[in-house]
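Next up, some structures in structure tokens.
Two complexes are shown next, each including chain A; its partner changes from chain B in the first to chain C in the second.
What follows is the complex of A and B.
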């Protein structure tokens, strides 16, 4: 499974999402969109909005810390 | 599936400054306790850029202060569950039951420190542009607006501080203020007013936002003359106050008209052994310092309540 998380430096929900992924053994690739306009545009295009975090899990887009969707996608109980 | 029932001395709902302080005092009193926070440990502090009115720190990032508080609690042995969610509570003088996704907790005493959530901007297009130019967390989403023009609505400390934070990214920050004054601290206001990127629109209120996929205009109305006009901007950050997170407790706990929990001077609610602390409580001043004070009192009162219960 390919997991990318788009973040900014100071975003608390990004930290929480990463912590949840780590706690459940999910490895991810992090892209910081602050000061990286290209990455920011990619994130905006994928998610259709501008809030972080955004997760791209094999093409499925999750906006914000959405525990129930993460639980389903990664089979977390 | 039947859930396990867990007995403990003290359950604390909410991990902002009030809840974390209560947890520290509870841990030092050797109470068996758990703190549940399914949102952000540190609460609103965690998403404040800088704090300059908490004693001991001339200036500190909110996220750092939150981490310090959390670390201190953890070092004292406080257990924090950050990923469980409260589904239902049943509260009486004799028994307190808190059902979460994982367990049913039956604590001898309960401290409610769930705090508040930001009020949404009362404009017709709020929902349509949520995350697309309507935001409530500058430290989260501000960096996505590099070189953009941003509006900030509100007049309290949060509005002033977060507007200053947004100047790091934005080319311009427009304060949309419905009155001709701000309520926040004068020291922060002075910094904001002299900032070259900041423009203040006194006596203008946000009526709505417009755009295609993302916000590109705000409609504003002059509160004195009634004149309406459009201004170009890329996003609006709302800081128009908070509302208490008390829906779960409404059935049992006495609230005021705005939904804040009523307590006595010892933070006790209308139910014995149930306390409220921090922003969720009815009071005039909601500061980190007052939240910490509430948490202290609630924990000490809960400790006494639990000790008395063990004797009789």
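What follows is the complex of A and C.
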């Protein structure tokens, strides 16, 4: 399973999402879009909006800290 | 005096003179840099996409002074943060827009165009007014910026011609923008 998370350094919801993934043993690749306009545009294209965090889990896009969707995708109980 | 007398630092840390905007119609707006419900980014972006080629510029100044005090109810508090940097118009460094520490540009803008009240028919009109009345009654006095997304429209000579409160949607600005372009 390939997990990519798009973040900024000032967004508490990004931290929360990363913490939750770590706590549940999910490894991820992080892309900080705060100072990287190209990556930000790629993220906007992929998710169709401008909020972070954005998670790309094998092509499924999750916007925000959406605990119930994360639980389902990663079988977290 | 016009907005061209002022300088400001862009989000990349570069100081520019607003002289650069001479001959353009400009919107100067204080945006919310914190997380929460900030739908006006989208509306501003749409204006920018529609009118940029005809000479519209948007200058966004992220401001924390109204942070954590979103007028929306809890259902609107989302679990994400809006990306300031994704917007294609020019963003500046985090800036104070009211009080002693306010950037001189905002002191100028608000002295040119005083506060004339909120649009109480707007969905957040009543809530915003009551939130201020309860938490920051002093904000309701005087002409300083009252809340996130106060939009100042500037003509091609740098003169402030219109002030739109947070209770005006960016789309409501179109008619006036068209007369200025």
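Basically, the second predicted complex is superposed on the first by the 77 of 77 C-alpha atoms of A that agree within 3 Å, B and C clash if a C-alpha of one lies under 4 Å from a C-alpha of the other, contacts with A are read in each partner's own complex, and residues count from 1 in each chain.
Here is the rule we use: a contact is a pair of C-beta atoms (placed from the backbone, for glycine too) under 8 Å apart; a residue touches a chain by one contact, two chains touch by 3 or more.
For clarity, every value in this text was computed on a predicted model and none was experimentally measured.
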Open item on the list: A:9 in the overlay: touching chain B, chain C, both, or neither? Say first, second, both or neither.
Closed with: first
TODO: Look at A:33 in the shared chain and tell me whether it touches chain B only, chain C only, both, or neither; answer first, second, both or neither.
DONE: both
Open item on the list: Taking the superposition on A as described, I'd like to know which of chain B and chain C A:52 touches: first, second, both or neither.
Closed with: both
Open item on the list: Let me test your reading of the model: by the given contact rule, A:41 touches which partner, first (chain B), second (chain C), both or neither?
Closed with: second
Open item on the list: Per the contact definition in the header, classify A:66: touching chain B only (first), chain C only (second), both, or neither.
Closed with: second
- [ ] With the two complexes superposed on chain A, say which partner A:19 touches: chain B (first), chain C (second), both, or neither.
- [x] first
Open item on the list: Does any part of chain A touch chain B in one structure and chain C in the other, and if so which residues?
Closed with: 8, 10-14, 16, 33-35, 37, 40, 43-44, 50-52, 63
Open item on the list: Please output the residues of chain A touching chain B within their complex, sorted ascending.
Closed with: 8-14, 16, 19-20, 23, 33-35, 37, 40, 43-44, 48-52, 63, 67
- [ ] Spell out the residues on chain B that touch chain A in their complex, using ranges where they run on.
- [x] 38, 40, 42, 46-47, 49, 61, 63, 82-83, 85, 130-133, 135, 137, 139-146, 169, 213-214, 235
Open item on the list: Applying the document's contact rule, which stretches of chain A touch chain C when the two form their complex?
Closed with: 8, 10-14, 16, 33-35, 37, 40-41, 43-44, 50-53, 63-66
Task: In the complex, chain C residues that touch chain A - done: 33, 35, 41-42, 78-83, 85-87
